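Letters A, B, C and D name the chains as they come in the text, with residue numbers starting at 1 for each one.
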Amino acid sequence: MAELIVISTLNGVLFGMLLFLLSSGLTVIFSMMGVLNFAHASFYMLGAFFGYQLTRWIGFWPALVIAPLLVGVVGMGVERYGLRNTHKHGHVAELLLTFGLAFAIEEIVSMIWGKSPVDYRVPAALDFPAFTVFSTNYPAYKIFMLVVSVVIFIALLVTLKRTRVGLIVQAALTHPSMVGHLGHNVGRVFMLVFGVGSALAGLAGVIAGPSLVTQSDMAALLGPILFVVIVFGGLGSLPGAFIASLLIGLIQTFAVALNGSLASVFGPLDPSLGASPLTDIWNVTIAQIAPILPYLLLVLVLIFRPMGLLGTRES
Amino acid sequence: MRKLIVAAAAALTVLGGAASAQETIKIGYIDPLSGGGASVGEGGLKTFQYLADELNAKGGILGHKVEIVPLDNKTNPQESLVQAQKAVDAGIHYITQGNGSSVGAALEDFVTKNNSRNPGKEVLYFNYAAVDPSMTNEKCSYWHFRWDANSDIKMAALTNYMKGQPSIKKVYLINMDYSFGQSVRSEARKMLGEKRPDIQIVGDELHPMLKVADFSPYIAKIKASGADTVVTGNWGQDFALLLKAAADAGLKVNWYTYYAGGSGGPTAIKQTGLDHQVFQISEGIPNSGNKAAMDFEKDFRAKTGISVWYPRAVNEMRMFKAAAEKANSIDPVKVAAALEGMKFEVFDGGDGFMRKDDHQFFQPIIISSFGTLADKAKEPFDEENTGWGWHPVSKIDTDQTMLPTTCNMKRP
Amino acid sequence: MTAAIEVNAVEKSFGNVAIIRDLNLSVAKGERHAIIGPNGAGKSTTFNLISGYIKPTSGEIRLNGEVTSGLRPFEINRRGLSRSFQVTNVFARMTVWENVRCAVLWATGHRYAFWKNVDNLPEVKQRTAEILDDIHLSHRRDVPAGLLTYAEQRELEIGITIAGGASVIMLDEPTAGMSHAETERAVALIRRLTEGRTLVIVEHDMSVVFGLADRISVLVYGHIIASGTPEEIRGNPKVKEAYLGEEVD
Amino acid sequence: MSNAVTPAPAAAKQESGGALSFYGVWLIAAAALVVLPLIFSSGGSLTSFSLIGIAIIFALSYNILLGQTGLLSFGHAVQYGLGGFLAVHAMNTVASHNWPIPLPVIPLMGGIGGMAFALVVGWVMTKRAGTVFAMISLGIGELVASSSLILRSAFGGESGITTDRTNLMPLFGWTFGPQIQVYYLIAFWVMVSAIAMYALTRTPLGRICNAVRDNPERVEFIGYDPHVVRYLAYMFAGFFAGIAGGIAAINFEIANSAYLGATQSGLVLFSAFIGGTAYFFGPILGAILVTYLQLGLTNVTSVWQLYFGIIFIAIVMFAPGGIAGILMKHRPLIRAGTLGTVIPSYLVAAIPTLALALGIILTIETVARFSGGDAINLLGIPFVATAPTTWAAAAVLVVGGFLVARITWRRVAEAWDRAATVARDRGYLA
């Protein structure tokens, strides 16, 4: 049991940090531009595929730097030539633009790299067990992922607190309309922020790619969860996104570890009741519903605390 | 409204062209060609196109050329029905499909209804990979023929093999949470209980299908349970991710799988370094030792760039030809009658037959393991350029795979 | 007789900053009451408090004797108070006709009806037409509101505000940004349309204020420093002090 | 919401335009629906008409949310799917009890299902509009779609629940086995639903929905609770989506979890938006186009999704009013008689634009088929994906087409301005 708890905590934190790498960019973009970027997870996927391709050409370590930058450039292009032109049609149009983009990116990726998973491997330098807990190996690469996530997290904090762009971003988080009214002056900041947000997603892709499966549907697998994270944490709140990421990471991993169902707690239902949705609910285990727990949480949060955990704004 | 007519007219040009189907035998290939399942669907399409070319090179079927008509169903049952209807509307009398039991069940239902409502426009459904047992049991249809062993048959074969492996003591079951995964799990419990009551089932997991990004928590559970063997019906990313997580955590168990050989599977196994620890139940493997099959494999790989993942498709197409010749007709009603009870030597050698009672094809089942190939001359084929390949471990004879059916066949 | 609007000891703070402090105001029925004060005095906040757009931190607001503080804007509106906005706030994609008609619907009792054809409601039609006539926009009835000129939008704003037939009308700087001629026209319009009703108006243009209002309240830093007839206000030293440097006619 | 101004339908014009032309449109539509299968009688066209009919109702119901009330939903398929499931269960129950309920009544059950769900979850969902609503709808959509796989007894797992429509009581000798009979059933419901949804836009509630879309804040000050308005709109949208789902269940004789899924929700959003949400008939055009593309494109190219995405992005960026918006933009010019001055510039612009489009198609197909696949057949000309000549042709078409198109479209804009000025002078344009 102790083993399960230790491993699940590690895994949960790791998954949570990965979620945070993605949701931080999404949150900042949303706060500043009011755009919920549907294509954010697609940038994550692009990062993984760029990382894969560059790893084959120039090795993992250069790829770790270059691939996120490339994704950032793609993101800036999307902002400059797409979103900026759509802005006049309102936020819904912007959101729909990114929606269409997510569609297109998925197809482009599967067109170029195929629909099967690509062979994106953990670099040899990190392909060893870092330590062993209760006879379970914990791979060094996962520790590496954890370290990168934490470093980025700290870097993000410092940037936000210490730089001019950071100050503008912070202003945007608390007074979005004010920054919005600054209008043209922040055009470049928007582009930069969008680029950085995309690059962060790209970085998450580069480091998650070898650990998870790099495949053209990986964006669709993670995308909806991201929205849960940022709504759950409170739209526009970075600390909220952080807590929500960790919480959802932990909930998902721990739920899997549990076997409990209503039947195991209260005993099986009378068989004479026959098959009905009640028996389905009664017999389903927590592990079975682990991946839908985030959505359940989302709905509950929106009912009882519509602004999310740490949010201050309602929309 | 004028627009509607224009659009409809345009639609017709796409959907039409029903005539002139008499010359060639068109087989509607209904499987995913876009979206998540496309890689699997495309492999199947290449296989069938290769097989059609093979038939045509030898003069086709009764002088008719065979053409495969690809119909993209996006692995969606509803879309499959649209595509099936499209096929019917285009005068196609044979459809074949494999991916997704939900699609299979929908198509089976479709052909049954279609054939009873539209006499003279009968359609046969050749199933090459949908393995839900119910399709040849309670839901069975006269118009459906299955060449793949259903999941219960495979489990029967597998447990017959496991029966003779005393090293297996603790088994963990992990499966995708849908009908196929559930039948794997319940049959494994049932059959192991009958054949090896001493084996302990230490875990029984159902996880949501294609939704899990990180399997390490599941692996932690398997590890904690002390299992020495894992039985799983997982396929696609759910298989690859499961294995990856296992390798990361250093889990050393034997894996008995249904679909380890599926697209991406061999790559994942190679990455994890589980040499000959992953087993697969299938009706054929590239390194089967059968000369004809291995020649076929060689040519197939050269032409398509993929390995023969569907020996059953070969059986299906060749048997279709034999049945048509036996009936001396390409009329689906007559072909169906000819197929019933038909005996046939299967691709990798050995006898198979299409059971009349439920239209399930029975054939020898091979248990194989994946890893380094010791004798490159005898076992020349690797998978996905990994250098590793399938090695036959055991062959279960046809009669050892027989299971009763509850099918109450309604014949026209 | 109960007052149309009664504001008792209302406070409103945002965080630690008190925007409105001990606000007391009484507007009699049928009175035309103007609220003036320097920029940032809290005039719009006062409007927002009375109309329910924001809730007071403490204190009480009554409409025709009934407590309305804490109610939602639509509840207050249904009790007979209607307001306009300083920034034009119309239904941009709908036509002028539709804009006014929507404002008529609740008052004529049609509420959320989904079984009636909105074009077949004679009293709605008649009233909408009257109001369009009143605000001189009949010739623009089929133009989307977003395409109107600024002055026309301001007139439409007034039209929407009075369309529901509320007994208390609150206009927030109705003539802001208008030319002199437009302002005169607007004042005449307001005077005519609010005949027999209670009017509360916030206005910067002092000629409008002193020409229109029966009584005037002066708001400085969230507090009313003086309330009285135009003559009283003109002569009030505190007002002069508050407005030092600003124009007082 | 957007403050972008697109001209709303001139409601009052229709009023004064006389009831005759108004009812005329519906009568012509009904007549066309009756006659269509007589003209195009092949099985293929019946199948596509049936699918288009379902898509029309579904897209129109979606537009109650997006176009009329300004609610962007990413989970509209939930109501559609639940309607479908309820309809299937209703059909099975009716058949097993031999109740004298004919098949054409069944879609109503679907509608009730969709509405019931909206009734339950709608109040919480519609508290807020905008992004929050969009996110909640996404979450609810995922939740319901995933739960449907767990609640096996009600939803039949991933294979779904099947039914046989011919087991119900025949109506006037119709068993609804043949597709033609199903087509007429669908056509009937398309007419009824479309008329009902159109009528809804002409009611006080429908108008207030528009007001909530334009300016929910202001609505509060004319006596309405925008939350209630959104809730009611959500229920009506759910009702008609449920009807569409019920009809789909009749057409396919199966309901499964794919009905509820994100793909279905995305498709209806595509349909409504591409068609144009500002006009009642927009989603109809969109549903026809998208269904047709879905049926047709998949035959031609394996990357149809990419074309979908590109078309969608193009519409969002260059014509946010959708097809209906583009068409209706020309109305004042037609009335003013100045359209003729714009057409030549259109024709000039069409050539490079077409070249650009062909270039893009050629590029995409080249990439898609680079590693194997058939030759590309574009306008009857075969191209080989691996040939440098193909790449060159694609590059020339894309770059040349883009550069020339940019110039020609600028001229279209100029011509348009001139025509619009004249139209304005003649009083046809505000």
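Brief remarks on what is shown
Everything below uses one rule, namely that a residue touches a chain if its C-beta (ideal position, glycine included) is under 8 Å from a C-beta of that chain, and two chains touch if they have at least 3 such contacts.
What you are looking at is a predicted structure, and each value in this text was computed from that prediction instead of being measured.
Here the chain-to-chain distance from chain A to chain D, counted in touching steps, is 1. Counted by C-beta pairs in contact, the busier of A-B and C-D is C-D. Here D is the chain whose Cα centre lies closest to the centre of all protein Cα atoms.
On a Cα centroid basis, the chain most remote from chain B in this structure is C. One finds 47 Å separating the Cα centroids of chain A and chain C. Between the Cα centres of chain A and chain B there is a gap of 35 Å.
As a whole-number value, the distance joining the C-alpha centres of chain B and chain C reads 73 Å.
One inter-chain figure worth recording: chain C and chain D are separated by 42 Å, centre to centre, where each centre is the mean of the chain's CA atoms. Touching of two or more other chains is recorded for residues 114, 288-289, 291-292 of chain A.
Touching of two or more other chains is recorded for residues 3, 146, 150, 303, 305 of chain D.
For chain B, the set of residues that touch two or more other chains comprises 35, 38, 177, 208, 211. All chain pairs in contact, by the document's touch criterion: A-B, A-D, B-D, C-D. The touching residues of chain A, counted against chain B in their complex, run 1, 3-4, 7-8, 11, 15, 110, 114-117, 119, 121, 129, 132, 135-139, 141-142, 211-213, 215, 217, 220-222, 252-254, 256-257, 285, 287-292.
By the touch criterion given at the top, residues 35-36, 38-39, 42, 177, 205-208, 210-214, 216-218, 220-221, 223-224, 237, 240-241, 244, 248-251, 263-264, 267-268, 271 of chain B touch chain A in their complex.
For chain C in complex with chain D, the residues that touch the partner chain are 51-53, 72-74, 77-78, 82-83, 85, 89-95, 97-98, 101-103, 105-107, 110-119, 121, 140-144, 146-147, 160-161, 163-164.
Chain A makes touch with chain D in their complex at residues 30, 34, 36, 82, 85-86, 88-93, 95-97, 99-104, 106-108, 111-112, 114, 224, 227-228, 231, 235, 275-277, 279-281, 284, 288-289, 291-292, 295-296, 298-299, 302-303, 306, 314-315.
Within the complex, the chain D residues that touch chain A are 1-4, 70, 72, 124, 127-132, 134-136, 138-140, 142-143, 146-147, 150-154, 262, 266, 269, 273, 303, 305-306, 308-310, 312-313, 316-317, 320, 364, 367-368, 371.
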